[in-house]
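Shared between the two complexes below is subunit A, which pairs with subunit B and subunit C, respectively.
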Partner chain A sequence: MSQASAIRRRSRTGDTRAALLFLLPFSVLALVFILYPVVQALYMGFFDWDLLTQRAQNFGLQNYVTMLGGHGFVWSATHMLTWRVPLLVVAAVVAVGALRGRGRPLRAGVVVLLLLGLVVALGFHPGPQGSWNDPRFWAALQHTIEFTVISTPLLLALGLAMALAVNRPGRAASWYRGAFFLPYVLPVSVVTLIWIYLYNPSRGLFASVTSAFGVEPIDYLNSSALAIPAVVLTTVWWTVGFNMVLFVAGLQDIEPSLYEAASLDGAGRVQSFLNITLPGLRRVMLLVLVTQVVASFQVFGQIYLMTRGGPGDSSLVLIQHIYQSGIRDSDLGYASAMSIVLLVLILAVSLVQLRFFKEDDA
Partner chain B sequence: MKLSTTRVLTAAVAVPLALLTTACGGGGGGQQAAAEGAASMADVKDSDLNGLKISVGDFFGDCIDEVGTETDVTKATNECQAMRILNNKFNAENPYGITVTREGGAEWKSYYDAVNAAFAAKKPPNVLLMHESNIPDYSSRGLLLPLETGYKATGIGTSDMTEPAQAAAEIDGTLYAVPIDEHASLSHVNLDLMAKAGLVKDGKPVLPTSPEELKQQAQKFQQATGKQYIAWGNDFNIPFRIFSSFVAQQGDPVVTDKGKVNIDTPAGKAALGLISDLYSAGIADPQQTYDAAQQAFLNGDVGILINGTWVVNEYNNTADFTYLATDFPTVFDQPGVWANSHTFVIPVQTDANGPKYRAAMEYAAFMYKNDISWALPTGHLPVRPSVLSSAKYLEAPQRENYIDTADNAALVPQVRGWQGAEDALQHAIEGVWLTGTPVDKALAQAQKDVEAQLKG
Partner chain C sequence: MSTAPAPTITERTTREDATPRRSRTARRFTIGASMLHLFLGVAAIVWLVPVIWMFVLATSDNDLLQLDSQTLLPQGFTLQNLIGELSNSELPRWFLNSLIVTGVTTIGTVVCSAMAGYAFGRLDFRFKEPLFIVTLAGLMVPREAMFIPLYLMFSSAGQLNTYPAMFLPRIALPLGVFIMTQFFRAVPRELEEAARIDGAGHRRIFTRIMLPLARPAIAALAIFAFVQSWNDYLWPLVVATQPDYYTLTVGLAQQQASFEAARSLGDLMSRGVIGSLPLIVVFLLFQRQLVRGISLASGEK
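For the complex of A and B:
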């Protein structure tokens, strides 16, 4: 008995050593290139930290006060209606669902309360005599969230649709898979160069097409209303192929016999899709959703190269503001503080997504 | 081996903190280091310079494949070739055997990001090209050498320097830079089209002298030719340059060297109002990019193109119409035009080394002494009055037509944080033609944003 126990102990020790050995390279890299910069940014965010001299002074919360503070706030029912109305609709849908017995009532209640709190909070804004300490931070945050909210569902839905279309044997499907994935391998500079030409109001493809229908050419990248949608379209073209590949892998993991059984039971295509495909893709969906949201919150290259945040600040995003504060203005402390806020935001959104999917799994 | 969660977490926190404390060393540079570095040049003997190798940072590009080992600058056709050939010439002709090599990479749009990264890493090149408006960001932090000693050691001085060039080199009375040119906005004119519109007199274009005349001439030109009277690119902050020129023509710069912001003023309103009128009347095109405006001009579709000194030779050589470069039009009270200056500065090094500082200064002084070699292939204005008035310079194509620009230059202000302020100003004013923001509101926003940026 004691000999068997000793063998098990030795085996466990060996397993631990092997596990540590395999984990070591990644752990070291993660420590040096991920954890260390995060701790460093957290530390730097409490100082006026000058990039050029690397001098730190004035320890305190001034960077966070500059970023998040302001004066002369008022509340109005009509402020940011384009955000608040959809949030109210979502809250109403969740509440009605809970009242009809779908989902957990406690969780639904918390969600509704949080959404209503957000709807009320979004009514606060600087009045005629007031202002944010850094209005560009709030503009950048708003545009970053808008970019994420528009691009993520598109990338998810299109990626899935394309995966369903090309998930079949044969050369043609294989060719399409390659063609759809191809843009993803291009660097951001090439992608933006192509799309800047396409959007060019004098010589671009879009202008030629709209002109043929008698529509005046539109300067998409210099329009405050269209700049972000134009960059979203570029991003979708560029990155949707990667999501498609993930969904194709997920589709191929679904047991074909399930479809056969469903067919024998008289299930149609839509029913099979809703009851077999979607549940089978739940984990891939979570992966795509989380990585997409994280990537969208960090959007920078396309915006910087296509619009430079303009016109005005109408397409300014958080990473560009961080980059300009840190590199152009040498204010590394403030840039670090903004990075930390962005990190917290991304972590919070990712954790909520993980939590909800996990609970649904349970 | 037992590995508890507590141990793992402790290690995860302790290791980054340990790394952090090692990374938080004191700052380099400082005014004292800069002063000591500058003084160290005085004791350097010529023999100490023998065979030294130094690096230079500039944003004119790497066209070494085109120029090879050429040392004859007259063969250059653009800025890149001229700068690389001048480097070759310095390497071939300096009596000390100093060799300068370019630290390549960044083009001008991202140049200062690369410069900042080099300073942050405490590894700036030995000598750096810098716009005069960027100097305060570095000199105020003690990152640049004061150059009085260097000027004396290399036998150059400010006595033969135009007033704007001298202003470009000095910050609060201290010499920090060696200027090699002034560059400014010019009117590039298609004389054939202007003649067709009756806007040529004695072989020279008749340029407007008031906002009203500008609009009248535009109407006359469009009726006579059916083409665009005036054009400029709307990217690269060019509308800011036009705005600042119009403001300067009313007596005050948009921002003084002391940091006083003069944007939301009657002069600002007149300047921005005029630009807005030109766009809304269809005289100028708010959608035209730098490339599109230039192409339209070279295709013969534009009467006057507002662009810089750097394209004079190119247009002179390639335009298939009668081309003329002349001063930016004075439409308000006095001449005044956006201008900047390319200068060379010497960064403080962590391994301060008198001979290397002196070698860098020799390179900068060589470029100053060869300002005509830089001006002739490019179109930029030399910084030495003796060169500006020389027959060799004035006989070069077009140069006599815009010689007054050297005196009328309204230099971009020398204040710390200017680049961010200029971007903020451009963003605020472009709202007028891109999003329909009223002029008054845009000016108030610009004033507020620029003040905030300069305060930050």
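For the complex of A and C:
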């Protein structure tokens, strides 16, 4: 028996104890500060749990009823059309794709049915005599989803475009990378400080640029239609550099020989991009997409600091509603229940994304 | 990254175009390339305009800014705002708070991630795969959103307005473990085998061989954790109820709302400069490590 294999055997039996030791600090902290809060929030969500008295009363589902319930519902075909029409289009695309024999027909059928169900469900809303138990929750949910749906494609597409532009050797390119990445290191309060004044109609640079084109200055942050898009623009400026760096790393992992082979076969730039670059970036794309969506659903700082959720509640998001219900209004049980709903939403969306990408691999 | 870029399409075309036969295409490519550089240069400057504007306003006279702030030239250049804000009673205290919280968080994150990464990357033990998958699943837990139970935990222990309350929940970072695992997995076996024959245990191998090897990954992770922690907003906002325990990020945010702030734009932007200067310095010094760290995170999954 050789010495090396004896050592290996000894080390294998000794590894478990060593591993326990090495994993200890991380696992203890992760259990206490990542896993336990999730369990605790799930538990607290079933109680009327007041922050000041610190007492848990009335075990039950009342928090979820308050959050999700309402009365006096009616159904109309035109309610929330801006959401339902795109969903219908997606359902149609999936259906047509399945009929042409792409993907698994059974799964496509389920997806189409779920989408159609959602389109029908979105037609329900409280009628003239009815109301949601907590209209602010629905407003916050709607704005959170809107923020995510608007910002994610922008952050993905612009990040990729920037990566393609700056992924070249040389000093200049590294300067561009630095410039595009720099805003990412700024604290949220500094970012919002700058942008609140950039958007200011009488003192900001935006107003002076738009008035040069003869457009009256607009108070973006005090407009219920423009507040969220304005915050999205700020967010893109602040964080897109991070995605750019991820995409640059992904681009550099692609085998250069693939491009050579393609150009020998007479493939153009567009074809190379579609057939080599995009498939090669699949993993990074997935990473960016998942982290982006997890982060967007938890958006808080920049919106809270720039608009306080206003004007009215027109840019209220879920985390702000949780923060105000729990800390300001002392209703820890209700805030926990909303955290759990947010967690479920994020997990569901992440898993759908993972699933979708995996299926494409096969 | 900037020192050893992988070959790209551009690099290859320029190499091919260097042959005299293709001089015409070469010229077209050079014009195209300089157009691209012009475009990127302008885009990069425009991208930085908000930051430049902050510096300009911070070094402008407050009263002159009342007349005109829509400019990229300092109005009556002065350092008075910056000096005034630095001698302000609260800013230095918040700066110190941020430094302590960020310092402990960064060191803790690096130590915990490196240790766990060594276990996942180099050791054989039961339930290794499931444990690693659970750790990866931790990436999907919205940590920001779970502040209510954490708040209850610290408030019922009477630990609000303390430093541990601010850094303890931020140390365990699944992404950090992932980065370090990726790194340790790639270390060749021979390096370790030699030490093992000499009778070194895991602790020795970890501290004497693995940690020195992992210096680039550790630097990257440390900078990443530093930026994240310095910029953390929601958790310190929740857990620090007294201004004495605000971090700089929270403190700056609290001051934005006040009315007199709106009248002294120069002072306000000076606070922004002071709050972001440490990060800009860190960024300029360690740009390469930071970029590499983020790239490591994008590695194989």
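In this text, the second predicted complex is superposed on the first by the 337 of 362 C-alpha atoms of A that agree within 3 Å, B and C clash if a C-alpha of one lies under 4 Å from a C-alpha of the other, contacts with A are read in each partner's own complex, and residues count from 1 in each chain.
Going forward, a contact is a pair of C-beta atoms (placed from the backbone, for glycine too) under 8 Å apart; a residue touches a chain by one contact, two chains touch by 3 or more.
Note that the structure is predicted; figures quoted are calculated from it, not measured.
**Student:** For A:Ile194, is the partner it touches subunit B (first), subunit C (second), both, or none of the two (neither)?
**Tutor:** Touch partner of A:Ile194: subunit C, not subunit B.
**Student:** Under the stated touch criterion, which partner chain does A:Phe33 make contact with: subunit B (first), subunit C (second), both, or neither?
**Tutor:** It touches subunit C, and subunit B stays clear.
**Student:** Considering only the touch criterion stated at the top, classify A:Arg282 as touching first (subunit B), second (subunit C), both, or neither.
**Tutor:** Neither: A:Arg282 stays clear of subunit B and subunit C.
**Student:** May I ask you to decide whether A:Thr53 touches subunit B, subunit C, both, or neither, giving the answer as first, second, both or neither?
**Tutor:** Touch partner of A:Thr53: subunit B, not subunit C.
**Student:** Who does A:Ile327 touch here: subunit B (first), subunit C (second), both, or neither?
**Tutor:** Both: A:Ile327 reaches subunit B and subunit C.
**Student:** State whether A:Arg355 touches subunit B only (first), subunit C only (second), both chains, or neither.
**Tutor:** neither
**Student:** Quick check for you: in the superposed arrangement, does A:Gln298 touch first (subunit B), second (subunit C), both or neither?
**Tutor:** In the superposition, A:Gln298 contacts subunit C only.
**Student:** When both complexes are superposed, which of subunit B and subunit C contacts more residues belonging to subunit A?
**Tutor:** C
**Student:** Quick one: classify A:Thr16 as touching subunit B (first), subunit C (second), both or neither.
**Tutor:** both
**Student:** A:Ala335 contacts which: subunit B (first), subunit C (second), both, neither?
**Tutor:** second
**Student:** Looking at subunit A, which of its residues have contacts with both subunit B and subunit C?
**Tutor:** Touching subunit B in the first complex and subunit C in the second, residues 16, 20, 35-36, 38, 40, 51, 54, 203, 327 of subunit A appear in both lists.
**Student:** Would you tell me which residues of subunit C are touching subunit A in their complex?
**Tutor:** Against subunit A, subunit C makes touches at 1-2, 5-12, 36-37, 40-41, 43-45, 47-51, 53-54, 57, 69-70, 111-113, 115-116, 118-119, 123-126, 128, 131, 135, 138-153, 155-156, 168-169, 171-172, 174, 177, 193, 196-197, 201-202, 206, 227, 230-231, 233-234, 238, 248-250, 252-253, 256, 265, 268-269, 271-272, 275-276, 279-280, 282-283, 287, 290-291, 294-295, 297-301.
**Student:** Please name which positions on subunit B make contact with subunit A in the complex.
**Tutor:** Interface residues on subunit B, with respect to subunit A: 1, 3, 12-13, 15-17, 19-20, 23-30, 112-113, 116-117, 119-120, 122, 137-138, 141-143, 234, 286-288, 292, 417, 419-420, 423, 427-428, 430-431, 434-435, 437, 453, 456.
**Student:** Where on subunit A does subunit C make contact in their complex?
**Tutor:** That would be residues 3-4, 7, 11-12, 14-16, 18-20, 22-27, 29-30, 33-38, 40-41, 44, 51, 54, 165-169, 171-190, 192-198, 203-205, 207-208, 237, 242, 245-246, 248-253, 256, 259-260, 269, 272, 283-284, 286-287, 290-291, 294, 297-298, 300-301, 305, 318-319, 322-323, 326-327, 332, 335-336, 339, 342-343, 346-347, 350 of subunit A.
**Student:** If we count contacts the way the header does, which residues on subunit A are in touch with subunit B in the complex?
**Tutor:** It is residues 13, 16-17, 20, 31-32, 35-36, 38-40, 43, 50-56, 201-203, 217, 219, 222-224, 309-314, 324, 327-331 of subunit A that touch subunit B.
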